[in-house]
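The letters A, B and C name the chains in turn, as written, and every chain counts its residues from 1.
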Amino acid sequence: MSNDAALASEDELRFMADLIQRQPKGQTLLQPFYCDPRVLEWDLEVALRSGWLLAGHASRIREPGDYFVYEIAGEQLIVVRGDEGEVHALVNVCRHRGSRVCLEAEGNAKAFVCPYHAWTYARDGALRSARNMPDDFDRGRHALHRAQACEVEGLIFLYLGDGDAPDLAPASRAMAEFLGPHALASAQIAEREVGVVNANWKLVIENFLECYHCASAHPEYTRRNPVTAWHYLEDGRGESAKQLAVDWTKRVAQLGHVVGGIYQLDGDAPEGVQGFGCSRVPLDPDFISQTRDGKPVAPLMGALRVFDGGETGVQVGHTSFVLAYNDYAVLIRFTPKTPLETLYEFTWLVAGDARRGTDYEPADVAWLWRTTNDQDTTIVNANQQGVLSRWYQPGPYSEGEPYTRSFIEGYLARLRQAVEARRA
Amino acid sequence: MSNDAALASEDELRFMADLIQRQPKGQTLLQPFYCDPRVLEWDLEVALRSGWLLAGHASRIREPGDYFVYEIAGEQLIVVRGDEGEVHALVNVCRHRGSRVCLEAEGNAKAFVCPYHAWTYARDGALRSARNMPDDFDRGRHALHRAQACEVEGLIFLYLGDGDAPDLAPASRAMAEFLGPHALASAQIAEREVGVVNANWKLVIENFLECYHCASAHPEYTRRNPVTAWHYLEDGRGESAKQLAVDWTKRVAQLGHVVGGIYQLDGDAPEGVQGFGCSRVPLDPDFISQTRDGKPVAPLMGALRVFDGGETGVQVGHTSFVLAYNDYAVLIRFTPKTPLETLYEFTWLVAGDARRGTDYEPADVAWLWRTTNDQDTTIVNANQQGVLSRWYQPGPYSEGEPYTRSFIEGYLARLRQAVEARRA
Amino acid sequence: MSNDAALASEDELRFMADLIQRQPKGQTLLQPFYCDPRVLEWDLEVALRSGWLLAGHASRIREPGDYFVYEIAGEQLIVVRGDEGEVHALVNVCRHRGSRVCLEAEGNAKAFVCPYHAWTYARDGALRSARNMPDDFDRGRHALHRAQACEVEGLIFLYLGDGDAPDLAPASRAMAEFLGPHALASAQIAEREVGVVNANWKLVIENFLECYHCASAHPEYTRRNPVTAWHYLEDGRGESAKQLAVDWTKRVAQLGHVVGGIYQLDGDAPEGVQGFGCSRVPLDPDFISQTRDGKPVAPLMGALRVFDGGETGVQVGHTSFVLAYNDYAVLIRFTPKTPLETLYEFTWLVAGDARRGTDYEPADVAWLWRTTNDQDTTIVNANQQGVLSRWYQPGPYSEGEPYTRSFIEGYLARLRQAVEARRA
């Protein structure tokens, strides 16, 4: 992103190349990957600006001019509904003297007027007015910087990279199939929670991608999610969960509901195509939804006509997730804030016409994932603390962490490629 | 200042030379100038230790032994009235083991006794006593380090540099002419406010040196200061303000009051002479003073016998300012604290014999500049945030920011000169 | 400690060698020694991992499984009583993905179960269980990292280095002689206080090793400790204190109590042997114990049968101290936290069978050293602030600071040796 990135490149390249070369295979990363500010700069370029990132739910910007501010690693982008209903992502930095243009976290704006000298930008970022500029000043060259934005199934995605964005069409088709029945585009936000984990973003993602820790850390989640959480228990429950999934899939397919899964992530995603995964699995038979008592906490979403007790899981890249139950869905995104801090955002959705207080209580909708995320925050904070130790050294991944391991391997491959490209 | 400054000089010189070389002309500075700790070190040497800095009002140290502590970039100097009424500026670092010698922010001291081992220093910094030192210990070589200090029109200025201080005589003569009628030396402090802007000191100064932002950011100030604030409005008000100034100047000169201005800053100040500016302009005719309702908030100051509705502006270097109205004056100084923090100090003065609560209310005296500074703090904080973005790039100055632009150009010229001198 | 330490070694070696070479002899250290993070890394290797460190009192872990967490420079070691009564020091970093294994500051544990994935370690750090590991996984190679631990006179010491620990036998014999009569192993903790000084650990130690500052900074301590505190007063009191010590020693020896001293620190400790010092001196005759009113605040400790008004001082290395009076003892330890922060821990002990509230009041027992430490904290904070100044330069040690000076000289000698060894 920065013009100055090139400056330190010699030393940094050597640092990164050495680090990558010393990294043992199949193990957790070397300490600097989890704390060094220089690595975060590479992460931003290589891991986070190379794919589409979930920014939020479309209902936050229904009308032209509606906007919210998206944050990543100290950056702010204004995600705004344009005059024709399109979505723009504008870098929140005035082209005059660099001030934040928008100081509110969300709102509606006819135009963005910089609070400093009143330079005024249209909803698409074009510079409309700037007083007292010399005759040769070219407004056309002083629009706000922009990122790419698009909308899929009511989800707004951003691409922050400089070049061509990866092809989102395959992921979009899969999301239409798996999320379509939930009609997320017409859903409403029941609850939203934003917070900080005191850990490097990769530790947060490593945590979210495996359920090897579920049995010990998430009793509530584990009770409700046999397919995901019992897989590596060594007491036979893993086998019974497999059978549960097979039986449920057969039964639910007969209802005409989506089943199965598509997984095109890491090594499986073709070059230039956005990696993603979609799948449907059953909850424990005692739970018709992912809730405290197993009963629904909101009306059926979208086109669904009967409860089937399933969980739809969607993943775009490694930082954006959707989990949809029959009665609610939750959007989950993680974005790095500093080398040792990561923002999380959970957005719970229910059917657009459900009435708060009558048809649903926000705290009930949010209960399971709020509980689970609080547990994960504690765990990952403790993970970061240990990783900062002089005695920390990479450890071996278990067979219960295949996605975590493949995330790390894919991350390292991209990084290696980027370092080699920069050196050439 | 530091003996260790030489250490990193090779790398730093290359870093600074490269930065200066890449800086585009006539635009805001490249990002590292606004945040990098290495630049602040250069700033301290080049921009802040090369001229006289306003430390405070003389009334804070009326009697021998009266002192206050002046802070800049983590440094502390004890500004103290000496035995003969002279002013000393003593570095607050014991020559024994480096302790702070004075732990209070202000007070009166017969001598400065280090709280650690009781080494005792006179008001001029001379080491008076130190127990248990070997026979060859030379007290004369262990006085507190000192900066130069002087007093002009009741204002105490410090020079923190190592060599000869720039000649302050021309500035002193101008201050005598422009501030003399206000008799600041016999004034009293009505109110004082110290705070922090979360921004690099140069962003704070850039803000203070231009009124291009006044119309959008300072409605109260703009309403009262047509000459300064309307200049670049494109609605004809600029012209009417010019006429107002011409008419007022003619009328007020007939009263025998000072009018006009002297400007010897940036390129206009001869080598070795302290840069400064002085001027007088009218407020809006509805306002006899820079106050909420336009009426005076305190008695006439000093030798003034009639209200003339003028504003006297004085600037010494780029970080020290005085604004004087008929009934009050305000001293304004900005000092860097860290690369991303700047201290401000506003000191409001009224006539020495005015009675608090009867002749003036501190909050009324402080109202306009407190309001304006609060607005500026918000603005400059937002400016710094945007400047830290990876997307930030230098932007063009408008025709409404000539002094800001010239400050930056002068700053760059000094820096370039210093880097070249160090390289040679 | 770190595998990555080698990385920056070229630059660091040059930095350290240059710093050591520029250090003036017989004066306080150059600024970077007191603040630079690179120096702290060397300090950890050279000064802090080369000797035994006091961790705490044995009564904190009386039963198998009892543990407390010891902190140093961001590291945590679990100090735990093993199954056979032995003491283990386990690095609090899981060998799987690096999480903290133990999140509590103290407690009792049958085993340490990592809160993340439930890897389970025995009290000696051995890995007991880890689910879902591949067949070739070797539990024996994934025990928790360990430090050496031992117990002397009820004091638990740790050795954090990689190689052979220095021989603690001479220090142990001396401690048996000087502390034995107090029976610290059977004592109970009356009070404990942990806090932070905002200063580099070496400034904290420099402070603790000299009483040149006592007269000016510690009136309470000075009143009670003529032998230590009056030594360098220039009013004749030093001589009278010497006589007091001579007389007391003669008298107390006749009681069969230990007198005199052994000092094997700095240059006096043979290579490979743990440096230490032990001594006994009298308090002021008005004070039978180091208390507010001079009267005892608890019953006689251990084997003592009569009060003799003495103070037993023990020092192991430069960061661990014991001061024992007839009725109480205090363990004092300092550990670096960051380059500019140091943890202190004071543990006051009384006889094991004394009854709280009846035989002693914790606040009375703690009064003198709490008061003195609060004063030192203020002093050392002010010392660090001054040392951070650009104007700070090394100053001369007085004749009242011989142990401080010798600590610094020994520190520099070790550092020089380590840098030369690494270069060769």
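Here is the rule we use: a contact is a pair of C-beta atoms (placed from the backbone, for glycine too) under 8 Å apart; a residue touches a chain by one contact, two chains touch by 3 or more.
Computed from a predicted structure; not experimentally measured.
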item: Angle of the C-alpha superposing rotation, subunit B to subunit C, to the nearest 5 degrees; value: 120
item: Copy pair subunit A, subunit C: interface residue numbering same or different (half cut); value: different
item: Cα-centroid distance, subunit A relative to subunit C, in whole angstrom; value: 48
item: Sequence positions of subunit B contacting 2 or more other chains; value: none
item: Parts of subunit C lying in touch with subunit A, wherever the complex brings them together; value: 1-5, 7, 44, 74-76, 91-101, 103, 113, 115-118, 130-134, 137, 142, 145
item: Touch list for subunit C against partner subunit B, complex; value: 18, 28, 30-32, 206, 212-213, 215-217, 232-234, 378-379, 382-383, 385-393, 395-396, 398-400
